[in-house]
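Note that chain A is present in both complexes that follow, paired respectively with chain B and with chain C.
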Partner chain A sequence: MRRDGFGRLVLAEWTKLRTVPRWMTVLAGLVGVTALFALIDTSDQGGDVSEGESLQDADFTDDFHFVHQPLTGDGNIVARVVSQENSHEWAKAGLIVKERLEPGAPYAAVLVTPEHGVRMQWDFGEDVAGSENGEAPRWLRLTRSGDVVTGYESADGTDWQEVGEVDLEDLPSTVEVGLFVASPLAVEIERQYGNNSLSEIPTPGEAMFDNVRVALDRGSPAPGDGEWNDYDTSVEPDLGGSTESDGVFTVRGSGDIAENVRPFDDDLVERSLTGAGVGMLAVVALGALFITAEFKRGMIRTTFAACPGRGRVLAAKAIVLGGAAFSAGLAAAVASFLVSMRTLRTAERAPGTPELSLANPTVLRALVGTAVLFALVAVFSLAVATIVRHTAVAIPLVILPLLIPSIESGGLPLSVANWLVRLTPAAGLAVQQTITRYDTAIAPLVGLGVMAAYAAVALGVATLLLRRRDA
Partner chain B sequence: MTPLPAGRLRRAVQAEWTKLRTVPSLPWLLAAAVGLTVLGSAGSLASVDTSQCPTPSECFEDTTKLSLSGVWLGQAAVVVLGVLAMGSEYGTGTIGPTLAATPSRRLVLLAKAVAVTAVALVAGVVGVLGSLAAGRAILPGNGFTSANGYEPLSLADGPTLRAAGGTVLYLVLVGLLSLGVATAVRGTAGAITGVLALLYAFPIVAQLVSDPRWQHRLERYGPMEAGLSVQHTMRLDELSIAPWPGLGVLATYAGFALVSGLTLFLLRDA
Partner chain C sequence: MDATIEVRGVRKRYGRTTAVDDLSFTVRAGQVTGFVGPNGAGKSTTLRVILGLDAPDEGTALVGGRPYRTLRTPLLHVGALLDANAVHPGRRARDHLLWMAQSNGLPSGRIDEVLELVGLTSAARRRAGGLSLGMLQRLGIAGAVLGDAPMLLFDEPVNGLDPDGIRWIRGFLRSMAAEGRAVLVSSHLMSELEDTADHLVVIGRGRLIADTSVRDLVASASKDQIQVRTPGRSEAMTLLANAGATVTAGDRETLTVSGLPAERVVALLGERGLPVLEVTQHRASLEEAYMELTRDALEYEAVALEES
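The block that comes next holds the complex of A and B.
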């Protein structure tokens, strides 16, 4: 067959899709229905943010225990973290330079964590990884030279590696340096009355330090009195404190120095795309019908007479169907998003609600991802229908695994519900997430990959069976 | 409308029963309805245990409802069954001969409704009994013991009996709803997708709507959410809709679907 044969095949399949008025109505209708859901979904909720207890005005948290002293001019601080309680995987114990003793003041810190190795962090969210297995005991050093703060780590206190370097602009001559301990809030899930109730509970961080030394570079002014002071912003006052004996510091603190993660926040973009889950059902039906209609009317024999390459026929069908579903999905997603954002803009906004626009790359990923998801679902449905050859069986076979995990999850323990999402085509819906929540089951693109794997495997099996079986 | 003579109804029901009975996929669909219900229930049961609660006696778990939760899955097979009872006639063109044999369209639809009811009843009773048996077997192992305040499931218990019987009725109504929708849209694919969307879309949207008023409305008037309130045996005063009225909501959906299906059936060419 000539090279352009496949192009004609695609054209033929496109003609088949295009000329069934009902199918084109369905495609147009699903865009409308999806957008309509967005309208219902976001109407009537001015400022009424559910589970709003965790909402804070600030976009950072600055809660920890700090054993500090002033440092004037250039210098460094060294200490060994002897041990650290594993109170949270992201518990922090280490050294910090802070511009002044005030929540939100600029800082740079080098620290150890129980499960994420050595890190250098600054500016509430900037994070550089040091050695991965660098849990306590570990030597840490922080140097200040002008506006530049550099973090080092060492296994033995003699052989040092740089972890990271940061320019804290306009750092005053006198800053506070010292030891700090923090341990983030943990999300606790308890089951009662057949539902999961969620709460954030403080975790008690604790670490021991020794070999603590603050030294000045030559040419700097004379040191202060070298007295250590306590500064505590722990989330619960009795979880913060410090003791010292024979140069060994035991520091306790609870909270986090980080950007304000809001594990219970609504994902506004994902919510605006809720209707897509419903619109997708139309794509499932279309995908199944695109092949079963040919089986039912015997049209498939004419198709195979015209093009004996059965794999090529299925490929052409998948391309045409995927393209149509992608276009409809993109139109539906963009329409839903715009409708939702319009409503949100007019409603009273909760503090800290980010401004979202189509130009935001995360938003764009969610919208285009939804369109890709539509295409994958359509192809998956086409493949399943080719395998089972019955519309009535194919449609529930695709719809159930796609929808059940997101419905059932309400009544199941979170860990089980999350595994249900990860292992089924429902994982593809993760591509609509734009923030990480306490119940996030799978990363957006990984989820889309799971769906793609389902579609690819089904398409492979379908091709094989189509070649082997009588038409 | 003139009343239907009993003899004609009996013959029509017999004819429809024969058709439904001989649908090649019927054994599979029945097996799927029962199997999905029991497996779904067993899966939910296995994933919940008292260690997830503050203390075992503070779980306040509705063990009856948990044991019957597989209906969420099993109903899909009943939907297919209800749709196929009518949809397959249009698909294969046998609707012509059917109407030639029984010219009264009212009678045809009524007979089909009786046949679907019978099949759904069988699937429902077996599925529900299987689920309750799974509950009795699994619950004690997960800490839901008499010592912790959970009596073994028993149909002698009034609310449990209501939940079990109501669940069977729920499946029957889902079958009738599917039959009605299939009659109205005259196609298998559209009917199945439509009914599944109607059942499953409400809870998905309800989950994501933050406005409590809208959430309440969606739970109160969604066919699945309202219908399944019949499974609750605890804290009935906190339900969006009471058990029997909830089943009534689903019955209203099914009735509306059947009436509009019949109207279109009477008005249109086959």
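The block that comes next holds the complex of A and C.
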């Protein structure tokens, strides 16, 4: 490769970075300090069952009341949801096909909710919206044809619209069909500085059904079919049950059939990366010094005399600095993860939960994302320092928006705190999340995008000013 | 590319102060051009404008006929030393030159050559923070000649050098010019440029005061003064004063005479039978010439102030 044009500048900037021993010490030191933080933070958790338990939780919740009967072969079930208590915005009342009476067994359901209309759901998380204002009273129908289950809704029981269709692979000939009611837990949060008091309160779901019909496509029901039975996995047994009179079913249930969002679980991967905050401070300082050291001594003039293209110089600096911060960040994140997982991981895992290892894509996203975050923070700091030209001004300007949301937000209502996180560079820290919690402000990659936007805008302004100002 | 630096009508303001005001001059190849003026006269500003670091409000500066900022490998065209302290103290001397060389695609072998040239080979692996000011000047000069450029700019390169270093840099500047390069050296002390500069650009308060060869400047300052040595000093003084000359007595037998050409002085003294032991043309020092120039400039400034 010929060393001309931009490549020359990148090489020159890399030489500048690597030949100041203190800067290389900072890069190496941040790896060590970050990992040490992870070790200290997690060392007192060894053998703590409550920490390990979160790993043993299943990835779904399957808590509801089910009034069911077996269905052999193809057929359908129809019912009208007469009324539904608004016990929770996501309370569910409707029809369900379930492979067998066991938590976690495959299912497909068509249902109404108090505030989110008609939905078709399956596989603990798959969700298709039907009509938006389709609250009770509403006619629902679920047909099973081979492995395919289709959900329909209707306002009057004659004019039907399809809501969704799903292929539940390898569905056995006999499945359980029927009415179900669920109502998710309500999260109550009391926030004080340094202390979040959290509680999950069961909500009592209740709905009435009539016009309940189960029909086979061909043949007649086997003996014993047509008998309704109760199956209850409500979070509190008191809240589950059913009564029937003159074909009107009143069903009560509490819980949810959904992906387990584990709103209060510790995010172990994020936890293992606690020290990254400290490492990031080092990256901020390095990013600022990489250019302010030149401003301070007038060395920027030597640089611009050697390379008059100022935007290209800044771009070369950003690439070198970003690359160095990425490498150090990746080493720090992997070291922290390995060090803390030794104590946080418990030997037993529930079936179906992912193993927290470097091979896990979500874990990898958090670790590589942390490295990308380091690179973005370094470039952001470089750009801000280019704009203000003084280390002592630049460093607080970068660090405060990164830290304030996590310091201040404890005293703010959660919604305000979450907006603070979404709108500041601190959003980038979201990339360390591996589960969705009650206080999750922003999705991991979106958060990283917010940080990237800050870095890009700052770099643009810095380039403009660098070109316009006298050196 | 021709090795000529041209400054044309450059004006530069910082806020309300005018640092450089309508300045024009040319630095030619094969000469050392001294750029002289008191501190704050605008020398460094002018050098920064030439190097494309500061943008002039008016006018242009061209190196080899092109604006500096259009050069893709500037170190191959123009070498400059602006501030010897502009080095990161943690970096080794050799590494400082290494990034400069890399930025312009120069081979690293060139670094050892220039270190040898400025006599820093033994200090190559020392960190810049531990170098004396004299050594830093040499490092800065090494950076300036790294690209073997035909045009060289040095801002106050003599600062901090010991007498040996001063002698060295004078010889160095002369040899650079002798190789056909255009060399511009700024200084606030005219005496530093004596015996070094061929040409002088003198500025004060951002304005051009003189753009002249050193020989012409000294000759004009020396004017028609002559020194006469004669045993009959008092008699000669009266005689010459009566003839319309301005006469001052010097050491023992010497007189400094102005207002009369040398031939007339010798003829007058000969007519009276006074022995003339020696007649010499008085040669003003560069410093005297400079003082005379800047005095005029200051008077001009004073008049201008009164008029305004």
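The rule is simple: the second predicted complex is superposed on the first by the 301 of 471 C-alpha atoms of A that agree within 3 Å, B and C clash if a C-alpha of one lies under 4 Å from a C-alpha of the other, contacts with A are read in each partner's own complex, and residues count from 1 in each chain.
FYI, a residue touches a chain if its C-beta (ideal position, glycine included) is under 8 Å from a C-beta of that chain, and two chains touch if they have at least 3 such contacts.
Since we're looking at a predicted model, the values are computed, not measured.
Superimposing the complexes on chain A yields a three-chain arrangement in which chain B and chain C fit side by side.
In the superposition on chain A, contact is made by A:400 with chain B only, not with chain C. When the two complexes are superposed, the chain touching more residues of chain A, out of chain B and chain C, is B. In the overlay built on the shared chain, the residue A:271 is in contact with chain B alone; chain C does not reach it.
If you stand at the C-alpha centre of chain A, chain B and chain C are 50 degrees apart, rounded to the nearest 10. Measuring only between alpha carbons, the smallest separation of chain B from chain C in this overlay is 11 Å.
Annotation: chain A has no residue touching chain B in one complex and chain C in the other. Per the touch definition, chain C reaches chain A in the complex via residues 48, 51-55, 68-71, 74-75, 78, 80, 82-83, 85-88, 90-92, 95-96, 98-100, 102-105, 143. Contacts from chain A toward chain B in the complex involve residues 37, 40-41, 43-45, 48-50, 189-194, 266, 271, 274-275, 277-278, 281-282, 284-285, 288-289, 292, 296, 390-393, 395-396, 399-400, 403-404, 406-408, 410-413, 416. The touching residues of chain A, counted against chain C in their complex, run 3-4, 8-9, 11-13, 15-16, 19-23, 293-294, 297-299, 301-308, 470-471. Residues 25, 44, 47-48, 52-54, 58-62, 65-66, 69, 72-73, 76-77, 79-80, 83-84, 87-88, 91, 188-190, 192-193, 196-197, 200-201, 203-205, 207-211, 213-214, 234-235 of chain B touch chain A in their complex.
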